[in-house]
Each structure stands twice: as C-alpha cells, then as structure tokens.
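Input: structures, listed below.
Heads up, the next two complexes both have subunit A, just with different partners, subunit B and then subunit C.
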Partner chain A sequence: MIELDGVTRRFGATPVLHGISLAVPEGSFTSILGPSGCGKSTTLRIMAGLDRPNEGRVRLNGADVTEATASERNVAMVFQSYALYPHLTVAENIALPLAMRQFSRLERLAGVGRLMPGAGAKRAAISARVREVAAMLGLDDLLERKPAALSGGQKQRVAVGRALVRDPSIFLLDEPLSNLDARLRVQMRAELAALQARTGRAFVYVTHDQVEAMAMSDHVVVMMSGRIAQVGAPRDLYERPATRAVAAFIGAHPINLLDVTLGASGACSLLPKLRVPGAAGARVTLGLRPEHLVPAAAGLSARLERVEYLGAEAVVHARLDDGTPLRALAPGDWAPPAPGGALSLAVAPERVHLFDAETGARLPAAAERVAA
Partner chain B sequence: MRLSRTARERATDLWLAGPATLAMIGLIFAPVAIVAVLSFTDYQFGALTFRWIGWENYATLFTDPIGRKAVTNTLIYVAVVIPFAMGLALVVALGLHNLAARFPRISATLRAAYFLPVAATLVAMALAWQMLLHPSIGLVNQTLGGLGLPAPDWLSDRGLVIYTLAAIGIWQSVGYNMVLFLAGLAAIPPDLYEAAEVDGATKGWERFWTVTWPMLGPTTLFVAVITATQAFRVFETVATLTRGGPAFASDTLVYALYREGFEYFKAGYASAITMVFFVVMVALTLAQFRVLERRVHYR
Partner chain C sequence: MRPLSLLALLLGAAVVLLPFFWMVSLSLKPADEIFSARVDLLPSRLAWENYATAFTEVPLARFLMNGVIVCGGILVFQVVFAVPCAYALAQRRFPGRTLLFGLVLAGLLVPFHVTAIPIFLGLAELRLLNTYTALIVPFVASVFGIFLFRQFFAAMPAELFEAARVDGLSETAIVWRIAFPLAWPAATAFAVFSVTAHWNDLFWPLIATSDPALATPPRGIVYFRDAEAGDDVGPLMAASVVVTTPLIAGFLLAQRRVTQGIATGGLKA
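After this line comes the complex of A and B, so read on.
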C-alpha cells in the first residue's frame, strides 16, 4: 500500500497541495477525483516519484520512499498521452521495462546481445512474457506494428500492457481514458476494472470524470483546490457528501442547491416536513438531487420551463414561485403540463442534504431529518 | 463566352502555378540544361566558336592532378565538417536545453553567442580568423608559444590548411545546427521522459538512447542534409583566406569552378565541375531522404 503523509507541494510561491494525507489500501481500486487544477495529477506524480513533495513523506509498504526515483519504487504508470515510444514496435514497447531492468547496456545492443552468454534465455523469457500480456489485452495481431499505425484504443492497451508486463508494486493511471471516444471509454472502463481484479494489485486512478470514478473504484478520494474534500466508497460520496462542493461534483445530474433561512423552530418554510432542531434562524443550503425530486400531486410548487426528453427519463427544468431555477427528473412516460404551467415536485425528507451556508460543511445527520 | 466549370478551374490552376513554373524553368532548369550542354564543349567566354569534346572535361577533372586535388580536398572537408558540426551542435544543444530549466538567462545568452557566427558575414569573419591564425603575431600561435607548444602555419602548411578551413566551417555551422537541435529537443513530449524513467531508464544516457536520440531522428536528418550541402559548397573561406593555396592544397570544387570559369574563362570545364557538383548534391539529398526517411518517421 502507498501512503502520503502531510504532503505539500508548491510551484514557486503557488501552493498546489496543502498537506495531503492519504492511504491507498493494498489491492484496492482507488480513484483520485477532482476538477482540473485541483492537484490530483501532482498527487499521482508524487506517488510515482516523478515529482518530490516540498514537505511530507511518501511511504510504500511501510518503507519511506520520499526520495526514491520512479524505477526504485517499482511503480507502473499509464499516461494520459499513452507516452509510447514511436520508434519501437508494440512488442518492443511492452518489452522495454523488462529489457531495461534485466539487460546490461551491451546486451541491449541489437546483434551484440545475441552473442552474450545468458542473454538468449533472458530474451526468450521476455518475449514469452510480452506475448502473454499481449494475449491478455487482445494485442496479439498488432505486435509488429508501430504506434503510429494504431488507433487510440489500441495505443491505450499497449500503454496498459507496458505497465502490466512486469510485476509493479502499484499501478498509477493518469486520466488514461480521456482521449478515447465515449463508447470505447465505457468498454475500457470495464476492462480496466476486470484487470485490476485479476492482478489483485492496488490501482490509483486519476480522473476528472465522476462517472468513471463511481463506476470503477471501491475507494474515491475527492480533491478540491489542493485539499482532500472527502474519502469514501462511491455510495458514501453520493449519499453523504461531506461538503456542498462534493455534493455539486458527484452525481450524473447536477444537484440543486438552495440557500434558505430556517424559521424560529428550525423549520424550513420551503419544505414543511423538514425541521432542524437547534438551528433556529440559521442560514443553510438545501441540496436536492434532481433524481429525488419528482413530479407529484403535492410538494414544492413550481412553474415548468422546459423538458429534456431522454427516453427512459426526462430532465424537468422548472422555477420555484420566487424564481429559483430547479432541475428535477421525471420518468420517461410522464405527461408534462404546457410550458409555464404549474406543477408540484415532491422530495422525501431523508433525501435532503443540508449544508452550512457559510462553510459549506455538511450539517450533522442527527439534526436534519426530523419529519413533522 | 462562359467557360465550363472545369475549364475555369483549370484556368485558375494555371494562373496559380504557371508564373512560378515559368520562373523555375527560365531561371533553374534551362540554365542547368545549358550548363550540361556546355560541359561537353571547350567553349571559352567571349570565343566565337566551340568544339564538341565529349567527356574530356570530366576526364580532366578526375585524372588531372589539380582537378583530383579539388575533389579529394572537398571530400576531406565534408568528412571532417559533417560529424563535428553535427556532434558538437547536439552536445551544445543538450547542454543549453538542460541549462535553460535552471538558468534561463545564461542559457539564452550562450545560445545567442553560439548563433553569432551564423548571423555574421563569413567574409568579414574570415578576416578575423586570418588575424587570429597569423603564423607569428596571431593570437592562436602567441598563446601556443606562451604554453611552449609548437606554432604551426595554419593557413600555409599544405598538410594542415584544409583541416584549418574545416575547423572554421565547423565553427560557422555549429550555431545554426544547435538552433535546429534545440527546436527538436523542445518538441519532445516530456511524458516520454517520464515514461522512460518509470520503465527503468534512470541514467541520463539511458534516457538519451531511449527517448532523445530516436525522437530527434527527423531533426538529425534535416541537419545532416543542411550541413552536407553547406560543406560541399565551401567557398568564402577558401577565396578569402587561401585562394586554394598553397599549391592547390586547399582547392575545393566550388573554388576550382570559380577559378576556371571566372579567372581563366574556361566555361566548358567550369560547366563540367558544376555538373559534378550538381549531381553530387542531388544524389546526396535523394539518398539521405530515401534511406533515412523510412527510419526516422517511424511508420
């Protein structure tokens, strides 16, 4: 397992990471999720040994590796750009990490290598291992091609193969799917998750796409502006977001955030069933996920603006009576009123997220769902 | 009268490509053809008649001691200049490229200094070299003498002069090649170096052979062609410093062509030299592109 302990990284005077502490358990599929510029790639590069922290330690299986290079740490990395060597064939690209480690410079020279005692056996072992990895990734027919002759998905597989060919202590993946088209991305998502299960090694997967993180990982680290906002299973992030920002980031449909002032008894004028004891007169933010807000006979009264019909479901854009815009999700067969018409949107009180309007922190669960 | 659509498009094509094509034919292809024809005659400038003498001019160039001297001198010059002008430029470019990450100011200043010989007029620079290399009062020999080393006659020693000129040629082209290599180095994606590091290429030279050298392939090809053509047409330094001497020890193809054509007015013989030079240039360029292009663009 890899651990970061109080890692701070500054580029010049600009701090990028503010004392990150984080542990990736052995055998887990951990995603580092965050908007661009939040420091997730820097975190990964520090794990890889391609970058050094200004402060803090990096530990790999208990050993301090803060000053160790990438190859000393024995990590494998898949780059967003794939970073394949354009002058080598697919087979040579995959074999390179093994050749670099097992051959001396003299043995690596084509021609001379064949004459060296013992090099032939090593060469055969490497080529067998390359074929094994290629078969696993469906690259058998492409081994003699150069990267320029491959499609994006094939390059992606070669990059994964190069990481897979040796037995690294940890796999680091930096947005590996972001250059693929949508259909291929879904396919590779499943393949990567299956690969992780097969190798049993820890994968650290950096992405800005919350769908990828939710779909593939058993552990998600959400980063916001150089700090860890929340760590947890995908279900935790969705059901109990720690801050308003995490709630806004997680979820296929963007959450509705409404700033309200609670009444004297901690009641909310908008949602009569919701009462927050001990918070009388406080400013809070209500988080309502569109998928929990459905057209019903009674509930929040609003006016319909427009409907995006998606087949199985429809995204309803409405405005509350005070003009606040609201997104809701209706079943595909829902018959909407005419635009501008009135409708009611119902939400179950236990589905409402409550955040402090000032700090954005989640308000304790005990205080929030007291049905009237 | 309205032209049909295809006729109008053809007219546009002709209008766009025609003038340049005519200029090329008039200014390049026709003169080359005339020179090729002249090379088989004994024509002299101003003469009223000429005789067809077949391959005699070519035979003279390759059998006459003076003609052969020009050919071998040019080959020696090229053989010395190409590897050193490229190797030194690559070393300097790598150094400046790495220096730029830590000391951008110093790197930029040095880059300008290395580029200076390219921007300066070679004839003026040749005069500076002449003073530096003066056998008794030149700075080079003064320094060597001060160190107790022998002081050779750089420009009048028959065995040495062509190498002295080659050194000046190297000095002159390192800066240009360095700029080309620097551009090539800047275009290498940093991801590749990081991938190489993760893959176990930890030492500098391992990264060089795994990433830098292969990725510089197209640049190296281009630099090789440029340097070779530059070296083959060496003229200014010969004309200003040695005039081909002493005793034709620094005579080169283009200088011989100038001397035969414009001093002795032997237009036929000068044309034959021109044709040899032209064929060498074309062959060199074609060979380099044919052989190397497949290997440097990685298809």
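After this line comes the complex of A and C, so read on.
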C-alpha cells in the first residue's frame, strides 16, 4: 500500500498540492478524480517518484520512500501517451523493466555475472515471462513489431504489459484510456478492472472522467484545486457528496444547483415537503440530480424549453417560473408537452442534497428532512 | 519557372563540381598533358601510374589509416561526452542549467584558432606533441555536438524518459539505451560534420605533429610539395582523389539521415 502524509508541492511560488494525505490500501482499485489542473497527475508523479514533495512524506508498504527515485521504488506506471520505446520491438519493450532488474543484480556481482552460467537461464526466464504477459493481453502476434506499427489500443496494451511484466508493489495509471476511441475505452475499462482483480495489487488510476472512476474503482479520491474534496466508494460520492463542487462533478448528468433562502421555520418555499430545522432564514444551495427529477402530476411547476431524446431516456430542459433553468430526466416513452408548455417535476425529499450557499459544504441538516 | 530554377541549380552544381572534376581529370593525366598550354577537360589517355606513384612515393595508406584513427578517436570521444551532457541539459532539472547551456552556446562562437596556441603550449608542457593524443584530445569536447544532441533530446517527450525511470533504468542507462538510439539521425549528422572537419583539417596536424608517421591525409599530401623537385601534380591529385573519396562516399550513404538530423535538430543548414 502507498500512503501520502501531508504532501505539499509548489512549482515556484504556485502551490499545486496543499497537504494531501491519502492511503491506498493493498489490493484496492483507487481512482484519483478531478478536473484538469487539480493536481491529480502531480499526486501520481509523487507516488511514482518522478516528482518530490516540498513537504510531507511518502510511504510505500510502510517504508519511507520520499527521497527514493522512481527506479528505486518498485512501482509500475502506465502513461497517457503510453511512452513506449520507439526503437524497441513490443517484446523488447515489455522485457526491458525485467531485464534492467536482472542486470542490476548481476552487476552487484562485479561484472562476472554476465559470464556466469545462470545468465542464459535468466534470459530464457525473461522471454518466457514476456510471452506469458503477451498472451494475457492478446499481443502474441505483435511481439516483433515496433510501436509505430501498432494501433492506439495495441500500444495501450503494450504499455500495460510493460507495467505488468515484473511484480510491482503498486500500479500507477495516468489517464491511460483518454487517447482511445469511446468503444475501445469501454472495453479496456472492463479489461483493466479484471486485470486488477487478477493481480490483486493496488491500482491508482488518475482520470478526469467521472464515468471511468465510478465504473472501475473501489475508492474514489476527488481532488479540487490541490485539495482532496472527498474520499469514498463511488456510491458514497454519488449519494452523499461532501461539497457542492463534488456534487457538480459526479454524475453522468450535471446536477441542478439552486440557491434558495429558507423560510422562518426552515421550510423551503420551492419544495414544501422539505424542511431544515435550525436553519431558518439561511441561504442554502439545493442539489437536484436530473435523474431524480421526473415529470409528474404534481411538483415544481416549470415550462418546457426542449427535449433531448436519447432512446431509453430523454433529457428535459425546462425553466422554473422565476426563470431558473433546470434539467430533468424522463423515460424515453414520456410524451412531452409542446415547447413552452407547462409541466410539473417531482423529486423525493430524501434525494435532495443541501449545501451551505457560502462554503459549499454539505449541510448535515439535510438528513433531517421531514415529510409535510 | 520550374525549368529556370532547374537551370540555375544545374549551373550552381556545375560550379561546385568543377574543381572536383578537374582534380579527377588531372589525377588521370600523363605528366606532359598537365602543363600543356591548352585546357583539356579530359585526359588523352588514363594515366593510372599517378595513383601507383601516390601510394609508393609517400606512405599514403599510412596517412589514410592515421586519418581513420584520429577521426574515429575524436568522434567516439565527442559522442561519449556530448550525448550525456546534452541529455542532462535537455531532460534534467538542476540549478544553473540555463546558464550552462548559455555557456555551451557561447562556446560555439569561439573559433578553434583562438585556443590553439594555449592548447599547443599545454601539450608541449605535457610532452604530448607528436602523438595521436595531441591530434585527438583538443577536440573531444564538442560544443556543437552538445548543442545538436540537446536540441534533439529537448524535442523528445519527457514521458519517455520518465517511463524508463519507472522501469528501473539509471540515468546513464537511459542515455545509452533510450536517448542515444533514438538520436541516430542527429548522431549521423554530427558524425558527418565531425569526420569531414577533422579529416580535412590541416591546421592542427601541421602545428601539433612533425612526425610523418603521424600525418593525417591532408598533412600527408603536403609531402608532395617538394621545394627542390617542384610539385608532382599528377600523383598529388591522385592522392587528393584517394583522400576525398571516403568522405564523399560516406556522405552519400548518410545523406538522408543527415538532412533528417539537421531538420529535427532545429538547425537550418
């Protein structure tokens, strides 16, 4: 397992990471999710040893590796650009990390190692291991090709193979699927998750795509502007986002965020069924997910703007009577009124997220909803 | 427009090639034709004996071998020093990197002739004059080589080297196993520049050596100039042809790589 403890990183005077503390448990698939520029790649590079924190410690399986170089840590990394060695064949690309480790061991024997009878056997062992990994990833027929002669998906597999060939204590993946087309991405997503289950090693997966993070991970670390906004299982993030920003980031359809002022008794004029005790007169942000906002006989009254028909479902763009835009999700067979027509959108009170309008923090009072 | 530019190019090529053509022609002319009053582009008969004389009158084979040793030695050391320097300047972060690269660029501005005298005195002090060392050592650090390789390495994606670090390669291993093999176009271009410059160099061998056994090809050709007997032009030209041919052949073989290397290196030839 890998742990970050109060890791701060500044580039010049610009702080990129503000005291990140994070533990990736053994055997877990952990995603670091966040918008571009939030520091997720820097975090991964610090785990890999490609970058050093200005403050804080990095521990790998309990040992402090803060000052250790990438080659001294036993980590494997898959890069966004794959970073295959263009002058080596697929087999040589996959074999290199293994060969390097063997060589360093031989070099410790003061150069006599190469002449020792074991060298041939080691070479055979490396080549057997390369073939094994290649077979696992379906690269058997490509071993003698150079990376330039491979498709994007094949390069991706080679990059994974190169990480897989030795037995690293942790796998680090930096947006490995972002250069693939949509169909291949879905396929590789499943393959990577299966691979992680098979190796039983911890995977740290950096992505800006919340769908990838939700679909593959046991744990998701959401990062926002150099800080960890929330850590949790995908379901926690979706059902109980810790801040307004996390709520806005998670979910296939962007959440509706409405700023409202609560009434004297903590009641909300917009949603009469919702009451927040002890928050009378407070400014709060309501978070309503489009998928929880469905056309119904009674509810928020709005006017239809347009409908995006997607087959199984339809995205409904509407405006509340005060002009606030709202997205809702209707079943595909829903018969919409004419554009401009009135409709009602219902939401179950327990599906409503409440955030402090000032700080964006989730309001604990949100749990105490009462049915009117 | 196209035929016009073609004509201009052909004319330019003719002007450049004429001295070479004249050299080859003279090297094949019998002695009496060389000093005739008329200008004959082609010899009346092929006087191969000029070539025989060139090889027997002076130890031409020895000069060629010296050329190979000196140019080979210089090139090997230049690459051994320039490639790691260039890699460090391009792909490593360290304090003073920009300043150091500035010094490399400044070094490009200093002609060798400026430093020749101090280097000569230093070698004399070390009693190294009249050795292969004297011919090789002054050139082992090539700022041009560092510059060319640095430009090449700077254009390579940093992720490639980071992947190598994660894969367990030391920085030295990265230089020779990853960076250098990928810099072949630059290396070929640099080799052509280096070998041409040092194969043709007469200035430094003339200063640093007086022993005929150490003479490089151009230094050796000078031995045909004989103050008493006059210049032996036929064999001189034959020797010149022999000395020039390896360079031309080498350049033709490496031509495409050289253009590629210079284009990628960000230099305009």
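By our rule, the second predicted complex is superposed on the first by the 354 of 372 C-alpha atoms of A that agree within 3 Å, B and C clash if a C-alpha of one lies under 4 Å from a C-alpha of the other, contacts with A are read in each partner's own complex, and residues count from 1 in each chain.
Basically, contacts are C-beta pairs under 8 Å (C-beta built on N, C-alpha and C of every residue); 3 or more make two chains touch, one makes a residue touch a chain.
From a predicted model like this one, the values you see are computed outputs, not experimental measurements.
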Inset, instruction - Specify the outcome, clash or fit, for subunit B and subunit C once both structures are aligned onto subunit A. - result: clash
Legend entry - Contacts of A:Arg101 with subunit B and subunit C, given as first, second, both or neither: both
Legend entry - Partner chain(s) touched by A:Val7 [first = subunit B, second = subunit C, both, neither]: neither
Inset, instruction - Check the residue A:Leu262 against both partner chains and state whether it touches subunit B (first), subunit C (second), both, or neither. - result: neither
Inset, instruction - Considering only the touch criterion stated at the top, classify A:Ala149 as touching first (subunit B), second (subunit C), both, or neither. - result: first
Inset, instruction - In the overlay, answer first, second, both or neither for which of subunit B and subunit C A:Val24 touches. - result: neither
Legend entry - Shared subunit A contacts, counted only where both subunit B and subunit C touch the same residue: 48, 50, 69-71, 75-77, 79-81, 83-87, 96-97, 100-101, 162
Legend entry - Touching residues on subunit B, where the partner in the complex is subunit A: 189, 191-192, 194-195, 197-202, 206, 210-211, 214-215, 217, 297-299
Inset, instruction - Report the residues of subunit C in contact with subunit A in the complex, numbered from low to high. - result: 157, 159-160, 162-170, 173, 177-178, 181-182
Legend entry - subunit B contact footprint on subunit A (complex, rising order): 48, 50, 69-72, 75-77, 79-81, 83-87, 96-97, 100-101, 105, 146-149, 162
Inset, instruction - Quick one: which bits of subunit A touch subunit C in the complex? Just the residue numbers, please. - result: 45, 48-50, 69-71, 75-77, 79-81, 83-87, 96-97, 100-101, 104, 162, 172
